[in-house]
Each structure stands twice: as structure tokens, then as C-alpha cells.
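Presented sequentially are two complexes of chain A, the first with chain B as partner and the second with chain C.
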Partner chain A sequence: MKIFKFFITKIFLRKAILSISIILLLFMANYTTFIATRSILSTFQGYQEIKCMNQEGIYIANLDPDSDVDIDAIGENGTQIVYDYLNNNFNYAFYIDGFMVSLPNIDDMEISLSYMNEEYYELNQFELSQGTDLDFDYQFDKDKEIPILIGKGLSKTYPVGSTIKIEDPVLEQPITLIVQGVLKQNAYHSNFYDLNLKKYYNFSIFLPVNAEFIKNANIDLQLMNGLMDIVILQTTKEKTVDLSEVMQDNLGLKFNFFSQEENFDYFNEYYLYSLKIMSITTLILLVIITCLSIWNALVSIRLMLRDFTINLLVGLSYSKLRKIFYSYFGILFFINLIVIFSITAYNRYECWLRKDATLATYGFFGLIGMDWFALLVVFLSDIIIGKIIVENMLRKIKKIPISLGVLQ
Partner chain B sequence: MGRSLFRFVDALELCTAYIFCFFLNLLFDYVKTLDLGPYILKAFFKNFMDYQTLIIFLFTFIVIVFHYQMLHRKKTEVYCRILVGDTILNITIRYSLDCLMILGFVYLLSILINVYLNFNLTSNLYLVFIFITYILISARQVRKYENF
Partner chain C sequence: MTNIIDLNIKEKVYKNKKTQLSILNNFNLKVNAGEKIAIVGESGVGKSSLLNIIGLLDIDYNGEYTLLGSQTNNLHANELAQWRNQKIGFVLQESALINSLTIEDNIKLPLLYAGSGKFFFKEEDFENVINAIAIKPILKKKPLECSGGERSRAVFARGVIMKPQIILSDEPTASLDVENRERIVNLLFKMNKEFNTTIITVTHDLEMANRHDRVIHLERSR
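Now for the complex of A and B:
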């Protein structure tokens, strides 16, 4: 310990510029690894989530890019005909979110409302921490309570069994909700087309939607979001072509329906390609930064050679010197890990400061699972980089005779 | 390079450090012009693009390291030159001019590449100012070795 302290204070820190530059280089290596790992993991999580849609017989609606949306030209009658056709001929999964309401809660967050039907709920199999699953067979009546699920952030203010009164933005009337269950902490939904983009449900309310609910909802729910990503279950290509025609006749919008195979090709084309590019870029950056770090370390050896060789002359062994180098780099990596940890924790905390209900998450020191996993990968990459640098430094020192080093 | 503090290897090392920083800046500018396609790629590269100047500035630290170690290694040479009649002013001027010449050569090279790729010619001008500052600071350090 004494010799290590001596090396740190009298050798390494005496040439602080070299230590600072190596910290900066290692920080960039760590930052690159952290960002890449988190992006890849987030995409993988999104891919796992969307995988439930990649089943035979499932077709996903997508508005044709050449189709112009003119809301004023679409009447409620038209959308109702489409929904009647859907209800009579298909099983479909319906989900929309993004409707914000103000609701008193201890964290003073705006609340996001997510509407979904039974098929969507069953397809996604949300895990609950308290209470029971959603009930979709309720009678829609403005005097009756609608059973809901809430996110963890709301569970302190609204425990299971409590009631909530809100002015529903899609029904445009006050409704009463009863809390039936609480979602697991950090339950999320990945964007269908950007798998690494997530919305967290900690401050969300899940509202069960049935045919009667849709009938009473305004056009925002029925068309703008509801039909855009509607998922048709247990059907065939021919039937979706008929549905597309019905939609075109009544809404004036052309919808395409993509099958499991087409979606799978899309995922392969875009996401696997993206993941490959990200991995290759990260690897190239890591190699460049490691080479620069080795150069920096060799420069340090060049300047501190006399100190090292004098110590070797008076009895310091190479294995002890190796241990000192590993400990020194261990400290540098630890400082970097602390910096990355602090930046990530602050970014997560910033979502709470901004009152961003869809990004606020819970976790140990504010970090969620994927952050900890990315930090673990950074730690493992540090071990590899550290080993490469230290072994190169030792090889350089061993190459120079002790007598020559002392004379320098 | 007869009376210069620079040997061929030193000049090559500094040249490589400058080229690396200019190349990095060019790479950032190039990625900006690319249509990255999927959002995931855009989001990934945005993590770096948003901090382009900061990242490049941090990488310029390798040039500081070069100046620092170069002058450290040459302190005996500086002292010996003074012993045989050279002046610290002349040594400092020669050292600065050598650095500026290498910087000028690399900057010219980067301008040519910018013209070829149709990029903004002023996009890497800030690097020149940063490196000139480093040269001026390191030139002051030469004076430190007047007395061995």
C-alpha cells in the first residue's frame, strides 16, 4: 500500500497531464460502450415485446405514405361503419395512448391515459404488482365505475380499490374509474416503429375499451390513433384486402396491412442492419481509443522511466509493478464508472424534474435495469482495455535495461 | 530540421495527432450529411453528434500530451544548445514555427478534403485556434529549460 501510494503521489500525479489525458480517453471508451450497450439492449427489449405481434394470422395496419389525412372530410359515421365492420368480421387488438390529464398525485406529474381492448391486453400480458387483471365486460354508463390499472407512481395516492374522477378527453365527459390493479414498476411500451424508444407506464392509467366505449368516443380515439396501428388477429391476406377497401370507401384513407413475414423482413432489414452498424462503429471506436490509450501509456513510460527503473533497481519486482499498474488503472476506471453513473442518474432524475410522465422511472439510485447492465458491460470492457494497456506498459519497461533506464 | 528540436519521428507523431483530430471533425461532418435511415441509428449517433465540439476538444488532449512529452524529452538538448551559443528566444521561435508549419500542412490537407467533399471550409477552423493556443502555451514552456 505504501509503495502504491508513493507511485501515485510521487510518480503518476507528478505528471498530471498524462493522467488526465488517459482518464479522458478511457472515459470516451466507456461512454461509447455504455451508449451502444444501452441502445442495443433497449432495441432488443423492444424486439422481444413486439415479437408477440409476429404470429401467423396477425396483420398490422399502416397508413399508406401517399394517403393524405383530411380529418374534416371524415365523419363519425364513416368511422362507425368501419368499426361495425371490424366488430362483425374480425378480432382486433386496439391500443392508443398519449392523452394527458391532470390528476392530483404526490409527484405532481401529468397522467397519461392508455386505451386498449381485451385482445391487446391479452396479447401483451402485462405483469401486475398488486390487484387483479383488467375486466373488459363492464357496462358503459357514465354513472358506473370503469375498472382500471395504474402505474406504480400513482399507487401511493390511489391504492387498489380507490376511485378516481376525471374528465375523459376522448369521451369528453366526466367518468369515474376504480383502481383494480397496479402495474409492475417500470412497465413499458416500445414504439412500434422505433423499437429503442420507450414509454414508461409509471404514471399511466390503463383504460379498458370495449365496443360500446369506442362507439361513445370522439374521432380522436376512433380514427387518429385507434385505426392507425390496429392489429387484426386470426385473419388472412384476402380479408385484410376487403377491410382496406371498406376503410378507403368510408374514410378516404388507404391502409396497408402487413403480415408476420413482412414485418419480420422489416425488422431484419432495419433493426439487424442498425444493430450491426452500431456494433461495428463501437468496436472501431474502442480499437482507436485503446490504441490512443496505449500510445499515452507508452509516453508516460518514456517520461517516468527513470522513476520506474530506480525502483526496480532497489528491489521492486515486475510482478509488484504490474500490481501497481493494475491498481492505478483500476482507480482510473472506477472514476470513469462513477462519472458515467452520475451522468445517467442525473439524466433519469431530470425526467422527474421535467415532470415527464412517460419517461419517469424507478430504480436503485435512479438507474433502471438496462443502465446497470450497460455499466456491467462497461466494467467488463474496462478489464479488457486495462489488461491490454498494462501488459503493453510492462513489455516496454522490460525491454529497457535497468542500468540504461536509471541513466536517463 | 538541422537546428530544430524536431526529429522526423517527432514531426510524424505531431502530424498524426493533428490529422487524427481533423479527421475526427471531418467524420462528424460527414455523418451529419448521411441519411442514417432507421431512427435507432439516428438516436445512437445523436448521442455523439450533440457533443461533437466537446468530444473533439477532449481528443485534442493528445496534442497537449505530445507537446508536454516532447519538451520534457528535449530539455537536455535545449540546455546544450544554449551552452553552444544558441538563444532561448531562437529555440522557442524555431519550435513554434515548426509546430505551425506542421499544423499549416495538416490544415491545408483538411481544406482540400473539405473542398473535395463539398463541406463548409470553416467547420474545422476552431481546431486551428485551439492548436495555436497549445503551441503558444508549449512555447512558453521551452523557457523553463533555460537552466538545467
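Now for the complex of A and C:
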């Protein structure tokens, strides 16, 4: 310990520029690894989530980019005809979110409402930590309670069985909800078009939507979001072409419907390709940064050669020097891990400070599973980078005889 | 008299990409405890290489070496380092100091590796050494703030601080004026007289060499 302290205070830190530059390079390497690993993992999780959509007979609606959208020209009759056509001819999964309401809760968060029908709920297999699954066969009546699921964050204020009164933004009337179950901690939904992005359900309410609910909802629910990502189940390409025509005739909007194969192709073209690019770029960046770190370490050796060899002359052994180098880089990597941990924990905590209901998460010391996994990858990459740097430094020192090094 | 060095070198080879140089062919050396030996010879004959081998800095040669009754060829790197720390003192040229440390820290550097239990260092020993070579006023200075003579004395102090049984000095007075040269030589010989320390000096200075008990002339291998 005495020898290590001596090297830190009297040798390494005396060459401040070299020490700082190596710390910065190693931090760059670590942070790049961390961000890339987390993005890849998050995209992979998103892919796992939408995999349930990539099944035979499932078609996902997508507004044609060339279609002109004139909301004012769309009437209630038009949307009702489309929904009647849907209800009579198809099974479809319906999901919309993004409606925020104020609801008292101990964390003082704005609450996000997510509406989904039974097909969507079954397709996604949400896991619960308490209570029972959503019930879609309720009678829609303003005096009756609607069964709901809530996120973990709300369960502290509203346990299973409690009731909530809200002014529903899509029904545009006050309704009473009864908590039927609590979603598992950090349940999330990935963006279909950017799988890396997630919304967390810790402060969300899942409202079950049935045909009667849609009939009573305003056009925002029916059209703006409801039809945009609607998922048609157990159907054929021909039937979706007919549906597309009905939608065009009644809404004036052109929708495309993509099959499992097309979705996979789309995924391969965009996500898998971007994943590959991200992995390769990170790897190249890591190799470059590692090479720069080695170069920096070798320059340090050249400048501190006499210091090292004088120590070797008076009793330091190469094996002790190796331990000193590993300990030194171990400390640098540990500091980097602590810094990355702190930045990530603060970012997660910031979502709570901002009262951002869709990004607030629960985790061990503030970090969720994917953060810890990315930190583990950083730790493993540090072992490899550390070994490469230290062994190269030692090779350089051993190449120069002690008797020459002391007089350099 | 006790024989403390028994060295038989068959060959020491230096290689680079283009050439190969063989020195110290069939070289034998026996040294008794308390002997003062000077090694002289032209540049390139292997004087410093011989000192590196004796000082356990170089173990890459063909031959056998018994030091203080122990065969050194099979010693582990850690043991070699321990021997360099506790049994051998190196007195080199004045530039062999760490510039970021004070003179005091430079002198006390071997103590860092002495460990505990085996070596008992008394602050009084340090005082005796620095008083003998008159470097007390520069202890808190950095090497670059000192003169060449002061640095040489600091290198000497570092070489003797552990009271080694053998002192190896490589051109210790090469860059010194007469006064400082005498001071260093006298200190070396004083160590020899008081503690029966074996002194092996590599030098180009024949006058200095002749003040030793034995002078070894190295010649180029034929």
C-alpha cells in the first residue's frame, strides 16, 4: 500500500497532463460502451415487445406519408362508418396513450392514460404484481365504475380495490375507475418506429376500451390516435386492401397495412441495420480510443522511464510494478464507473424531479436493469482494455535495460 | 577471507535486427569480502555489462553466478529485486535521480522496498550518511535545483543507505571536479574500511583505479 501510494502521489500524479488525458480517454471508452450497450439492449427489448405483432395474419396500419391530413374535414359519421366496418369484419387491437390528467398521488406526478381494447391487451401479455387482469366486459355507464390497471407508482396512493374519479379527456365527462390490478414495476411500451425509445407505465392508468366506449369517445380517441396504429388480427392482405378503401372513402386518408413479412423486412432494413451500424461504430470507436490510450500510456512510460527504472534498481520488482499498474488503472476504471453510475442515477432521478410520468422508473440505487447490465459490460471491457494497456507498458519498460533507463 | 562473488561467464550476447555482439567470453571473477576492485578497459568491452550482471540487473547471459554463497541464476524476479535492495548498493552518475522527488526522498527510496521485519533502519544511520557527505542543506531541494556535485553525493547516499555488503559504482566521478571526486572516493573507501563493504568500480580514470586493491583490465573478445 505504501509503495502504491508513493507511485500515485509521487510519480503518476506528477505528470498531470498525462494522467488527465488517460483518464479522459478511458472515460470516453467507458461512456461510449455504456451508451451503446444500453441502446442496443433497449432496442432489443423493443424488438422483443413488437415480436408479438409479427405473426401470421396480423397487419399494422400506417398512414401513407403522401396522404394529406385534414382533420377538420373528417366528420363523426365517417369515423363511425369505419369503426362499424372494423367491428363487423375484423378483430383488431387498439391502443392509444399520451393523455395526461392531474390526479393526486404521493409522488405528485401527472398521470398518463392509456386506452386499449381486449385484443391489444391479450397480444401484449402485461405482467401484474398485484390484483387481476383487466375486464373488458363491463357495461359502459357514467354511474358505474370502470375496472383499470395502474402502474406501481400509483399503487402507493391507490391500492387494489380503491376508486379514482377523473374527468376523462376522451369521453369528456367525469368517470369513476376502480383499481383491479397493479402492473409490474417498470412495465414499458416501446415506440413502434424507434424501438430504442420507451414509455414507462409506473404512473399510467390502463383503461379497457370496448365498442361502447369507442362510440362515446371523442374524435381524438377514434381517429387521431386510435386508427393511426391500429393492428388488424387474423386477416388477409385482400381484406386490408378493402379496409384501406373504406378508410379513404370515409376519412379521406390513405392507410397502408403491413404484414408480418413486411414488418420483418422493415425491421431488418432499419433497426437491424442500425443496430449493426451502432455495434460496429462503437467497436471501431473503442479500438481507436484503446489505441490512443495505449499510445498515451507508452508516451507516459517514455517520459517516466527513469523514474520507473530507478525504482527497479533499488528494489522494485517487475511483478510488483505490474500490480501497481493494474491497481492504478483499476482505480481509474472504478472512478469512471462511479461517474457513469452517478450520471445515470441523476438522469433517472431528474425524471422524478421533472415529474415526467412516462420516464420515471424504479431501480436499485436509481438504476434499472439495463443500466446495471450496461455497467457490467463496461466493467468487462475495462478488464480487457486494462490488460492491453498494462501489458504494453510493462513490455516497453522491460525492453530497456535498467542500467540504461536510470541514466536516460 | 570469504569469497562473496564467484562469477563464470561463458558469453554475453547483444543482438539486434542486423548484428550480434558477443562480449565477456569465458570471463571468470572471484571477489572476497571487503575487497576493492576496479574494472577498466576501452569503451564497448563490457565493463558496464559486467557490472549489470554482478548487480543482478542482467540475468540474460550464458554462465553461472554465485553471490554471497547463493546461486543467482534461478532466483525469481522478486528475489532478485530484494537482493538488489538489501545486499547491493548502486552508485551511479549524478543523473540517476528522480527529478520529481526531493533529495531526501531520493535517498530514502530503497527504504520503501525494504519491507518490515528483515531490515531495521535507524534515522540515526540516515543522519550519519548525510552528515558524512554534507548534503543536509539540500535535502528538501529537487535534483534540478542542485549542482552536479550535490547530485552525485545524493546518488552515493542512496547507494549506501541500506548498508549493502557490495557497492557497485559505475563512473561515479565522471562529471565531477577534483574536490567532489575526492569526497566521493574517500566516502567509498571509508565504507569499505568501516563496514568491510566490497567495492567494485567501473572507471576510465586509471589514477582512481590504482587506488583499489585489484585492477581488472577488460579487453575486447577475439
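By definition in this document, the second predicted complex is superposed on the first by the 408 of 408 C-alpha atoms of A that agree within 3 Å, B and C clash if a C-alpha of one lies under 4 Å from a C-alpha of the other, contacts with A are read in each partner's own complex, and residues count from 1 in each chain.
In the analysis below, a residue touches a chain if its C-beta (ideal position, glycine included) is under 8 Å from a C-beta of that chain, and two chains touch if they have at least 3 such contacts.
Keep in mind the model is a prediction, meaning the values are calculated, not measured.
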Chain A as common anchor, with chain B and chain C clashing or fitting: fit
Chain B versus chain C as contact partner of A:N296, first or second or both or neither: first
Partner chain(s) touched by A:I388 [first = chain B, second = chain C, both, neither]: neither
Partner chain in contact with A:Y193 - chain B first, chain C second, else both or neither: first
Chain A-centred angle between chain C and chain B, computed on Cα centres after superposition, in steps of 10 °: 40
Residue contacts on chain A - larger count, chain B or chain C: B
Chain B versus chain C as contact partner of A:M278, first or second or both or neither: first
Partner chain(s) touched by A:Y270 [first = chain B, second = chain C, both, neither]: first
Which of chain B and chain C A:M228 touches, first, second, both or neither: neither
Chain B versus chain C as contact partner of A:L18, first or second or both or neither: first
After fitting on chain A: smallest Cα gap, chain B-chain C, Å: 5
Parts of chain C lying in touch with chain A, wherever the complex brings them together: 48, 51-52, 55, 57-58, 77-78, 80-82, 84-86, 90, 92-93, 95-101, 105, 109-110, 112-114, 158, 170
Complex interface listing, chain A residues touching chain B: 15, 17-18, 20-21, 24-25, 27-28, 35-36, 39, 43, 193-197, 270-271, 273-275, 277-278, 281, 292, 295-296, 299, 302-303
List of chain A residues in touch with chain C within their complex: 2-3, 6, 10-11, 14, 306-307, 310-320, 401-403, 406-407
Sites on chain B touched by chain A in the complex: 20, 37-41, 43-44, 47-48, 55, 58-59, 61-62, 64-66, 68-69, 72-73
